[in-house]
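The next part holds the structures, each set out as structure tokens.
In the two complexes below, chain A is the common chain; its partner is chain B in one and chain C in the other.
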Partner chain A sequence: MAALTKEQFEIPAKMRAWSLGLIAAGVLAFILGLVTKGLSGDEHKKAEFIGTLMYNSIFWLLVCNASMFFICITTLAMGAWQVAIRRIPEAISTLVKIFGPIAFVILVYVVIVDHNHHIYHWISDEAKEDPVLKGKLGFLNPTFYLIWTTLAIGLWMLLGARMRKLSEEADDAALRGEEPGKSFIWRNTVSASLFIVWFALTVGSTVPWLWMMSIDAHWYSTMYSWYTFASSFVSGMSLIALWVIYLKNKGYLQYANEEHLHDVGKFMFAFSIFWTYLWFSQFMLIWYANIPEETVYFKHRVDGPYKGIFFLNLIINFVCPLLILMKRAAKRNYTLMTFMAVLIIFGHWIDFYQMVMGSIRKEDAGISWLDFGIAAFFVGMIIFFVGKALASKPLTPKYHPFMKESIIHHT
Partner chain B sequence: MAKKTFVVGCFDDEAVLFPAVKKTRLAGYKIHDIYTPFAVHGLDHAMGLRETSLHTAGFIYGITGTTTALSGIGWILTKDWPINFGGKPHFALPAWIPIMFELTVLFSAVGMVLTFCYLCQLAPFVKKHHFHPRATDDLFVMVIETTAKTNVEDLKGFLKANGAVEVDVQVAEPGWWLGRYDKEQQLIRDVEVA
Partner chain C sequence: MHLKYESQLREPLVYGEKTYHQVTEDICRPIEAKPSKLWYIGFFIAVALLLFGVYSVYREVTYGIGQWNLNKTVGWGWDITNFVWWVGIGHAGTLISAILLLFRQGWRTGVNRAAEAMTIFAVMCAGQFPIFHMGRVWMAFFTLPYPNTRGPLWPNFNSPLLWDVFAISTYFTVSLLFWYSGLIPDFATVRDRAKTKLRKHLYGVASFGWIGSTKHWQRHESLSLVLAGLSTPLVLSVHTIVSFDFATSVIPGWHTTIFPPYFVAGAVFSGFAMVQSLMIIVRKVFGMEDYITMGHIEAMNKVIVTTGSIVGVAYLTELFMGWYSQNKYEGYTFWYSRANLFSPYGWSYWGMMACNVISPQIFWFRKMRRNLFVTFFMSVIVNIGMWFERFVIIVTSLYRDYLPSSWSVYYSPTIWEMGFYLGTFGLFFTCFFLFAKYFPVIAIAEIKYVLKTSGESYKDKMAAIEEQEPDEFAHAHAH
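== the complex of A and B ==
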């Protein structure tokens, strides 16, 4: 039974040091950015600073929230293979409690406190006279923004916490046997359904419209929310893969093997293709119809300062996963999977960069120290708090009714 | 093709089948194939079959489809018969991608089906030898190929001792065309014991 002691994660000192270092670098970048850009009095520099905070906080929040989506969707599908690694997405999803309020403060600051019409054009008084925006003001107004943002983040936190609370029962031998097991699965199904419904109403539709698409207040795309969802979900799966590999390398997670990693890799591969499908569906129809009010979104991205980033985005997020992750052996290889996971997360971070900053500062593009600094803060927070959450529970939900099925999983 | 002699052992339980497969390979007998009513997880591994290369073939068919579509449309719409569609450039790549995608899928799907039929030696009007009709119902049928050196009676006794409910000897044609799929099967005796 000596192996079982390895089912309790202990935070290595090196990991703690790295995470704290990254957080410190992020805080430093934030302060420097605030002084040089945020408080500089120049509207453009200020918008750039706030935009950087916005896309980073939204991206990392949605990536961590995607973990809870993964748990809920596999629960609803009666999936069993993920049970052996389930504590990892659970730990990642605890970050919603932290990134949720951070994103909330930033977004509410922009809309309610700062009233920044440089970012959200629909806030300005001109919008009331604008024939296009007039029709959208029922949805795009500060009151609705505040209510919906509060509800979205609040319920993600609440429903996610419910799922995690339920999962604690799987550490208790009382769950053994048919009756408790059935009741456990049923309660999981109910909670997961609630989360999925709310997820569909927020990440799957309204929240990307409200937070990001409305920066281009005149423009709209029906693909936008799914595109955002695909982006965050594939990065979320990559983040899970990174943690699985990390823990395996440290000798934890004895029940997870390359079969489980293979399935995570399949998600990374499949959703990279799905993301491209949505990317293309959005782009091709607008390119083909060539209507000025629609092409305004792509003009400076395809053929302007964002050209490099725009095509880099496509290469990193489509061509690389397609060619590298296609082979079965690649999805079972720790090195390749680590490389691809980092690349995919970076690629979708770039994607969010061009989605938000491409609309805020159309005239020039450039990823600067500020972007990397703020991202370092969020990465540091993920390392620190995921480590903490992992250490707080056993790494294997030992008495989960599907545990055996997960152990003998074979792809 | 030459006819061969096969010893056929029928099992009624997977739990009996798996150890029997292992022992058969350890004893050095060559398993021709195992016919089961449903896909049995891990049986390919137990039999020592190599990974199929059907997906590699699929990938090659796929890129052939992509190339065919791209070069076909590209040649037609830029060189052979350029037409102005709504002011789009003649080389209108985004508009071609759906067709390139469809041809990729078509080529790889059709190609893989045909390859699969070839590998399993299936074709219209070809009658395959059935070793046991209940292989599609409730029996796991293990077929062992014999050579001149095989003692058939010993082998029958061996299968019985390992839990076969029915054992018989059949003479049949192993395949009807080029390329035997089981060519590269390794005997576990040679791999693990030696």
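== the complex of A and C ==
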């Protein structure tokens, strides 16, 4: 069996062509969007254009960063099953190095260069007169925004790179034996804890408030960041699943089998339910208390132009995973898993769309060619750079101390 | 045949040269021996506390809620604080048995039985408070929805308090089933070893005629998995609904959307602390250090530091939003009634912060996680902290409401309020002492299940496998 599988990933020409094609389509969409909306002189069209760039860059950045979160939590939990597929989330997490700066440029442009108050109302001079916004300016101000965004993205990149660097040791037979193994696990644990702590202070709390929640500058919800995290994490797991399936289909990943895919599927299932749980908790509590300052967020989402998207969000992200992924056989089936992974990523992309665009453009909703075009750019980039990262080192960290447990893993 | 292998880097879950027989001997010993003096002393103290509780409740039922110091602003006080506290503690058992089963955490086998028992007793204690808080407790059946001759008069389905009735009774039922189905094979083991007729009969009845056939085991395993699947959402739902009791309201400090997941994290946090307190005593008294190892204690401390930090993030989130919302009522509650140390109840907020967020951070250090004294001390501190948390939430949000004229005087409990609380300790420990005497405190069958993969003497035999090249290994054992 081992002879049939390949250990070193080589980027197929077709994959490269697809990724470049998608990137080109994305660039084209960007240029067209820039001309028709960005530079049109209409402030609302411009805000819509920038908003599209914002939610896409934030979404895809968080989805790729979720891979590093996955590596770190499984490391801290001393998990073994994921070792056989570990290089995939590692490769996906390299995108943080690319999407991080992209998101940074876009966000900093909005706040520092453009002072776009159609997006962040707290930037405008009116905010200084507004009794509520006035009080928030200690948090919502360009200086803090710049510092915190720099720190958040910078440390994700740095701490993630540390974890990937450590992982390279597992390619070397010298890691065998108790002492080197123990030291390896220990150093991994320390690095992973650092990442997790920073993750909790950014994705788990401040960053979604700053980047996204503050678009509705008056509104607030304590759940917001955990909700955003759940949305990006479940999409991140789906992205991992897609790459596992792709590589297996191409004859790679000799140690991974449907047992491992099954476990990735369980994460997709469980965290779809978890996302729904957070969705329900946030929505129900606001609906039940019925305080106008809070319901204002949902008013046009439930009743207005976003109604369709609102329910679509629930159907794709809750009903479908619940019904389709519940069965054991489904989580072990390549076709169904591919379908569900694509659906979940799409669903949460829509979720981010309504979170951001639903606040920038309240009066009408509609996912247009621009949204798909910009998304195509990010998807193309993911395909291109994940492929590159996978090809840069062996596909399995062979001498990882828990590799053998992963090989005989039974779900 | 599935290969029994586990990395040498993992600590053994069972120490010593153990055979299946030895495991049975070790775990059955306390059941078959006469209880020690210490057991009797402990048991009688527990019963005494229980009786004091019964008397306190008797006074409350006879003379009414006026026996407590609740007033028109602080309508919930110690009673609901204690209710939430006990329910929270009751979360560890199901988390260990259900969620850790789904995550295939082998170490759960050392502690799951006692944790599940503890869960059931804690939920029993919790239930007392809302029931007796009703005042006219003989009307308690009014909470049950059934077509009746009172109109018919239905309970208010829109009220989270009613959802609590459903959530907690479901939780209790499923936890009990889970616990009991795990006990069946172990009861059969005790039955087979029984020396007296009565004992044989009683354990025989309790084990439902289990004979350990393949068919029995097969059914047993599928049942465990189904119950684990059912319990997993229950771990979340119970404390979620408890949090709804507060969060659906419009009271500052209560109405916050993060409440459900943050309550669940806090519940797991306190539950593990309670398991930790009990397990440290049990392993010492029964000499079960080979089964409840330092590794188990360390793993639980990791859960404690994780959930404690999640709770910490939630506290800070709330506090931040108290300011960020620029809602002056929220701001007053969070920044004056709570975070201001010099406000009337400021001490309770900072007590909570110190116990739940700051002090558990020492468990980032391996040395501390593996120190028995520190662990025991911290497990008590965490439960004190979690009691404070509920007290803070309830009392500091209530004692000053929108209308200053109805601000209450300083609320402190009467002796009967405290007596009721002490009584639930009595109930809890009476049950736990009986459990420790008559039930196998560690799941015998489950220990046997992990013995050959994770037992110390078996792991030594895996050294050759450890040396093998991964490819060779995969060739020989991959499926």
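FYI, the second predicted complex is superposed on the first by the 407 of 411 C-alpha atoms of A that agree within 3 Å, B and C clash if a C-alpha of one lies under 4 Å from a C-alpha of the other, contacts with A are read in each partner's own complex, and residues count from 1 in each chain.
Following the convention adopted for this analysis, a residue touches a chain if its C-beta (ideal position, glycine included) is under 8 Å from a C-beta of that chain, and two chains touch if they have at least 3 such contacts.
All values derive from a computational prediction rather than experimental measurement.
Student: With the two complexes overlaid on their shared chain, look at chain A and say whether chain B and chain C clash or fit.
Tutor: Once chain A is superposed (C-alpha atoms), there is a clash between chain B and chain C.
Student: Does chain B (first) or chain C (second) touch A:410, or do both, or does neither?
Tutor: both
Student: Now for A:222: first (chain B), second (chain C), both, or neither, which partner does it touch?
Tutor: Second partner only, chain C.
Student: Applying the document's definition of touch, where does A:401 land relative to chain B and chain C: first, second, both, or neither?
Tutor: In the superposed model, A:401 contacts chain C only, not chain B.
Student: On chain A, which partner's contacts cover more residues, chain B's or chain C's?
Tutor: Of chain B and chain C, C contacts more residues of chain A.
Student: Determine, under the contact definition given at the top, whether A:40 touches first (chain B), second (chain C), both, or neither.
Tutor: Neither chain B nor chain C is touched by A:40.
Student: Contacts for A:282 in the overlay, against chain B (first) and chain C (second): which applies, first, second, both or neither?
Tutor: Second partner only, chain C.
Student: Once the structures are superposed on A, label A:181 by its partner contacts, choosing first (chain B), second (chain C), both or neither.
Tutor: It touches chain C, and chain B stays clear.
Student: Between 60-68, 204-212, 240-248 or 276-284, which run of chain C pushes into chain B after the superposition?
Tutor: Residues of chain C that run into chain B: 204-212.
Student: Just which bits of chain A does chain B share with chain C as contact spots?
Tutor: Residues 284, 288, 410 of chain A touch both chain B and chain C.
Student: If we count contacts the way the header does, which residues on chain C are in touch with chain A in the complex?
Tutor: For chain C paired with chain A, touching residues are 2-3, 5-10, 102-103, 233, 236, 240, 244, 247-250, 255-261, 302, 309-310, 313-314, 316-318, 320-321, 323-327, 364, 465-468, 470-471, 473-475, 477-479.
Student: Help me check something: in the complex, which residues belonging to chain A touch chain B?
Tutor: Touching chain B from chain A are residues 280, 283-284, 287-288, 290, 326, 328, 410.
Student: List the residues on chain A that touch chain C in their complex, please.
Tutor: 1-2, 76-78, 80, 131-133, 135-136, 139, 176, 178, 181-182, 185, 193, 200-201, 204-205, 209, 220-226, 254-255, 257, 266, 273, 277-278, 281-282, 284-286, 288-289, 291, 293, 398-399, 401-405, 407-408, 410
Student: For the complex, which residues does chain B have touching chain A?
Tutor: 41-42, 51, 55, 59, 86-88, 94-95, 97-98
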